[in-house]
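Which chain is which? They are A, B and C, in the order written, and residues in each are numbered from 1.
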Amino acid sequence: MTPSDSRPQRPMIEVRKLVKTFGGKPVLRGLDFSVPEGDFVAVVGPNGAGKTTLLRILASLARPSLGDVRLAGRRLPAEAGAVRRILGVVSHQPLLYGDLTAEENLRFYGRLYAVSELEARVQQALETVGLRPRRRDLVRTFSRGMQQRLSIGRAILHEPLVMLLDEPHTGLDPEAAVMLDRLLGQVAGEGRTVVMTSHDLQRAASLANRVDVLAGGVMAASVRKGELDPEELPALYRSVTGA
Amino acid sequence: MDPMPRALKTLNWLTAALFVAALYMVFIYAPREAVMGDVQRVFYFHVSAGWVGAVAFLVTAISGAVFLARRDPKWDRLAVASVEIGMVFAFINIVSGAIWARPVWNTWWTWDPRLVTATIMELIYLAYIMLRQGIEDPDRRARFGSVYGIVAFISVPITFLSIRFFRTIHPVVIGSGDPTAEGAFDMTPRMLQAFMFSLLTFTLIYVTLLWHRVRLARMTEHVEERRMQLTST
Amino acid sequence: MPEALATVARRDRPVAGYLRAIAAIVRKDLAAELRSRELLGAMLVFSLLLILIFNFALELDARTRQTVTAGVLWSTFAFAGTLGLNRSMALEVDRGCLDGLLLAPVDRSALFFGKALGNLVFMLLVAAIILPAYSALYNVNLFLPGLMGVVLLGSIGYVVVGTLLSSMAVQARTRDILLPLLLFPVVLPVVIAAVRATSGLLQAAPPEEIRGWISLLIAYDVIFTAVAFMTFDYIVEE
């Protein structure tokens, strides 16, 4: 499989006609979504629009009711096992154990993911997220911003190809949010495919190179960086979501 | 509103008729038992109710398994309907057991393995209901119910065997002094016929009630859907 | 891009990864517990309190002690066990850590066995303290090898079903009262068999009888380990 194929490359993430219902109520109604390799896409939308649901399905934590979902060419949920290996997920809960130190948390996840050269990778990840000085401290003592950063460290430990972030800036003070942005830029810059949900339109537009709006259970709009003047985004958002 | 299917209407009548016939069989056709007297007639309904309780539980376990495999909500509806009905019949089994035991052995409760197992089954039913009540998400509720139904059902025969093994080592003497006296008596042919007939009748009552209950569940869901459609537009 | 997937997949062999995941989870639970000591502390104190209550409720004089010891011990284990089970699962579910586990590229059953093994270790640790304590308090010799075996077999059965059911109960509103309600009817054969086997060992009952109860325990353990293995997926997958 030569990378320099003349055929167009398959997108890293491919979603076709995705439907998800919860107890009879449809949340996603035939959604189409596609992300090329290496792209950074932000998904915005009103509360309850289904952003988290979409992310959970991509993360293999929920099953689609109907439709086709592929990551790196592998179908979900059938080939979830293979997909999980290349996924790094950051949700608004840190997924960390408060009674363990930062190091111990990373070591634990590293073992689960069968990461080779574990100790080196753990220290490297701690370095990347700027938490090496606090590596022996219990996560219970960390501020929310630090927990989110450690969470990213956890997510990149196994060098995933795809990163999924669910409103990662939730609960962060402005300083911590800026630090997170820098970190995200760094992590995304390493060629990873990133999908981030957010309810902060401006931040999403500045971080990502594409902004998709989820409304009414489908992707109502998609805007690449540079296509639209950032000041016009809120107006577009309002018109599409009927807010 | 889907009208009651012809088959169900016929079943209603058939079951009612069979029940009347069963009453006749039990109270008039079957002879009076020599030792225990008329109170022995409770036995026919006692065992039949116990049988239905067990069958209902089996149905719940199996339809739970099918639900997990197919994820079609109708199997979960069937499981819940069966639990509700089974619970009632298991209760009848326990109470009729007490009614029978009192005059015969002068005690309200016998530590008979079958009776104890039936009571445990009833407690499992209750736990099943309480599990479902504590879960908000309908899909999760159905999944958890199915898993518990299967796990609990498998435990019941094992429980029965352990109690029985316990009883053979430590017999609890009630009245008659015979440790295995689970109300044993010789059944004459007429008694056997009455017994088989009540077994059949109770099974049919179960099926009828189950059908009605499943229909009710389906109609309730339709109403819910309709209501959501109307309030969301 | 498929190359990357292939390389990553080649990196680990399935069985080693499976066992490593189980070990990682057990290690994590033990490490966390060593720090906070909440779980073990609660189980131990609760067990000792129960034995105290039984002491006054049952008048454990020298004569009745022989017949009642097995029952008191196993009742204590059964009740204290629910504390451990609930706490262990709550740790995962409450802070969303369950998602973290579910994201890992391992079979779901590895997660189950990891948690169950951790629960088993805690239960055995509690037993390791309660048995000598009881022994000393009541001058009953509990250090028979057969008895250790019964404690192990009984704990396995209890923990396997308990872990499975607690993973459901902990997600319900009524989580604390729900677990005992779900667990006790199902785990009754374990309690019966364990009590009878223990009692038999303490009172030198005929070996066939004790063997019978132990066979029942083993059968229960095997059956429910298989059942848990097959059904755990359905509990955690949305």
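The rule we apply is simple: a contact is a pair of C-beta atoms (placed from the backbone, for glycine too) under 8 Å apart; a residue touches a chain by one contact, two chains touch by 3 or more.
Model, not experiment: these values are computed from the prediction.
Averaging C-alpha coordinates per chain and comparing to chain C, the farthest chain turns out to be A.
If you compare A-B with A-C, the chain pair joined by more contacting C-beta pairs is A-C.
Centre-to-centre, using mean CA coordinates, chain B is 32 Å away from chain C.
Centres computed as Cα averages put chain A at a distance of 51 Å from chain B. Note: centroid distance chain A to chain C, computed from Cα atoms, is 37 Å.
Within chain C, the positions touching two or more other chains are listed as 238. Shown for chain B are the residues in touch with two or more other chains, namely 139.
Chain B contributes residues 137-139, 221, 224-225, 228 to its touches with chain A in the complex.
The residues of chain A lying in touch with chain B in their complex are 22-25.
Within the complex, the chain B residues that touch chain C are 68, 120, 123-124, 126-127, 130-131, 133-136, 139-140, 143-144, 146-148, 150-152, 154-155, 158-159, 161-163, 165-166, 169.
Every residue of chain A that touches chain C in the complex is listed here, in rising order: 1, 9-10, 12, 37, 56, 59-63, 72-74, 81-82, 84-87, 89, 91, 93-100, 104, 108-109, 111-114, 116, 138, 154, 161. Residues 1-5, 8-9, 11-12, 16-17, 20-21, 23-25, 27-28, 31-33, 35-36, 91, 95-97, 99-107, 237-238 of chain C are the ones that touch chain A when the two sit in their complex.
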